[in-house]
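Heads up, the next two complexes both have chain A, just with different partners, chain B and then chain C.
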Partner chain A sequence: MMAPSKTLCRSKGKPDHPAAGIEHLRRFALTRGADDAVIISTEDVIVDPRVRFKCMIPKCYMSGNCAHCPPHGYSVQEVREIVSHYEWAIFFRKKVDSAIIAAKNIHKAIDSGIMDDKGNAINLGGHYILVFTIVKLLQKKAAEAGFGRTHGFAAGNCRDPFCHLQPTCQNLMTDKGCRHPELSSFSMESCGMDVYRMAARAGWDQFPIGGTCEPDSIPRGSLMGLVLVNP
Partner chain B sequence: MVMKGIKNKKHDLKKLWDNVVALKQYNITLRQLPYLIREWRLWLQITRNFAMIEGSWLKGLNTYLSIFEGFPLPSTRAKNKQPPDKARPR
Partner chain C sequence: MTFNIEKPKAVSRIAVQDDPGILADNLKQLCEKAERGGAMDTIVIDADQVVFSSSIRERVNADDGYPSVHWPLLYPKDDIVEAICAYQYGVFFRISPPPGMPACGGGPIDDIRYRNSYVRLYNLVTMIESACFYNGYHLSMGLASGNCRSVLCSDEKRCWPMLKGKACIHPNKGRPSMEAAGIDALAMAGHAGWHLNENNREALLAGLVMVT
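Moving on to the complex of A and B:
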């Protein structure tokens, strides 16, 4: 049984109370394309080293090939340290139609990098891009609203949606640095955040999607993002 | 000055050609367009978000286009490269 916490804070108390500004950010996420968004306490950000290891064992095709994917990026200890410096987080999700995320040959298309004729891989990439943009917009909006430092985490690797046609990740292989520093960010799972458990705590239904999953067997998939804010 | 301009144009054309080849290699063609149009709301939202991040629609569209910038795969580059002319005396 999960311990009660200040998970879904939708406080409409005093206007100068920090939660009011964060509530504004939550609503902003919904206007920018998120299907659900909640404010959670950082105590509810679950960091589990097993999640990060899942990227490496068995090795994901992007592990080591993207500067924002393991073994690059923050260690679990660093993530815990970063999260501990924040009080609140905006956790959102974008629902993806099962016909796209669990399409028949989508895994083949993702592994080979060659898009399918039905456009499912491109549309799936579009959903990932949307999550990245929502994270960045939330960070931008939070900065404009006077929140201090923010930290954003998106879903999946950033190389596939933003640099798919590039031979390598420029941040890793060249001195030029990232092609889209203003858009790319680490994913929640690459930082060891247990997204499934966090979504369950937020009351969202989850349907894990495997390689042999059929579109009819699941109602939908979800891509999630998180932005840490400090009032 | 003129030579520099011509060189720049040549470079731009080469980049454009590289893009076209890369898009074809990764099977990003007009065949998928009807399926992308079906998800027009998603792509419109992305464009709006890009415009908001960059501060203007023009810069947002530029970012959009930069996603589709690429290079041909190395194998094809090698295929396109002309073989050395062995018959020519050195």
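Moving on to the complex of A and C:
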């Protein structure tokens, strides 16, 4: 097993260490709420056609209902093309207590829009918003530091945390565009990135969380984000 | 119609890579689980033993009089053949149909005995898929037979997730069929050496769970 480290993998043709500025970005992610963050070579970004199908088989309630979720969004070929234009990525995670992420009937609360008395759905939404925010802050910080174009990916769908009270995804249903372009982004998984395996390779314990999980089924959950960057 | 959704007994950590020994044990246990769940034949297959047929896919695509989100299976940006070929192993199994049960295609299934047989198959497919998932094979994917709308939503006026903003009312059970994915289950059953009825006119109630 690959040992957890701040910088994971080297590949031929690349310098042994990413530019110091990228390490500053990694640390910045930690100061903004990430529990762990690593720098990985983009060759370690796993893009797998099976991942997008996990959004569609069985069909997630958001699949087809958000412009950033499959079957919309980038195809895996497009994602591979995007990733190939970058050398490094900041990969981070935010831990989520199992009592929140695997709370009984939390999916029903989210789906129905009727919040649970314990506030788990709101709490989970806050974790998702934090991941989206860290992604955008990293991209902004990279731009301020003089890095070129970056590409950010968060976790889950953006409609639940940002447009939960709206009847539809405006970006999908109208030509007005996204209501929250400054915060929303594609998720890693909607783009076919095998987040679970990448987390395992980063040395982070990751457990499959399904609809029948309960808080005592898993130690914790994690939400991950990724920002592609060039020195 | 009720389904038993069980809490997982144990949830395995996602591994950096699959351990071949553990995987072999898990595949064996999945076959045993399928047999305990009512499968009459079960076999572990390599992904390259999945037989694809464009004519089967075209037949399903043309049989669109009772459409569902999983029948026909239309994903313009994604290639399900590429996805299935990305797996290493799958568990292929079948259950016994009632005597004389014909292949039902994608339309409504009026005979309750036939429909209940499909329900048993969907239960088994999702039970095996769920076991894979919680064993740490997080990309496991189950495929059944027929049209999930005919089997699970016969009392509904429509397949709800086909409407924007509506979710599947049986997300834990609804799965696409092998034929909708363009898989020739009959050919695979033949290759597996399973006894098939004369002229293959009886329904083949087969399921395939791609594991890892």
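Definition applied: the second predicted complex is superposed on the first by the 214 of 231 C-alpha atoms of A that agree within 3 Å, B and C clash if a C-alpha of one lies under 4 Å from a C-alpha of the other, contacts with A are read in each partner's own complex, and residues count from 1 in each chain.
Just so it is clear, contacts are C-beta pairs under 8 Å (C-beta built on N, C-alpha and C of every residue); 3 or more make two chains touch, one makes a residue touch a chain.
Just so it is clear, the model here is predicted, and its values are computed rather than measured.
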{"item": "Which superposed partner A:Glu182 touches (first chain B, second chain C, both, neither)", "value": "first"}
{"item": "First, second, both or neither for A:Lys95, with chain B first and chain C second", "value": "neither"}
{"item": "Which superposed partner A:Gln166 touches (first chain B, second chain C, both, neither)", "value": "first"}
{"item": "Residue contacts with chain A in the superposition, chain B compared against chain C", "value": "C"}
{"item": "Contacts of A:Val76 with chain B and chain C, given as first, second, both or neither", "value": "second"}
{"item": "Partner chain(s) touched by A:Arg197 [first = chain B, second = chain C, both, neither]", "value": "second"}
{"item": "Partner chain in contact with A:Lys136 - chain B first, chain C second, else both or neither", "value": "first"}
{"item": "Which superposed partner A:Gly113 touches (first chain B, second chain C, both, neither)", "value": "first"}
{"item": "On chain A, the residue positions that both chain B and chain C contact, one per complex", "value": "167"}
{"item": "Residue ranges of chain A in contact with chain C within the complex", "value": "1-2, 48-54, 56-61, 63-65, 70-76, 111, 167-168, 172-173, 194, 196-197, 199-201, 205-214, 217-218"}
{"item": "Complex contacts: residues of chain C adjacent to chain A", "value": "5-8, 11-16, 69-70, 75-80, 82-83, 86-87, 130, 133-134, 136, 138-139, 141-142, 161, 164-165, 167-168, 171-172, 174-176"}
{"item": "Residue numbers on chain B that touch chain A, as the complex places them", "value": "19, 22-23, 25-28, 31-36, 39, 42-43, 45-46, 48-50, 52-54, 63, 66-71, 73-74"}
{"item": "Chain B contact footprint on chain A (complex, rising order)", "value": "32-33, 100, 113-120, 122-123, 126-127, 129-130, 133-134, 136-137, 140, 161-162, 164-167, 179-180, 182-183"}
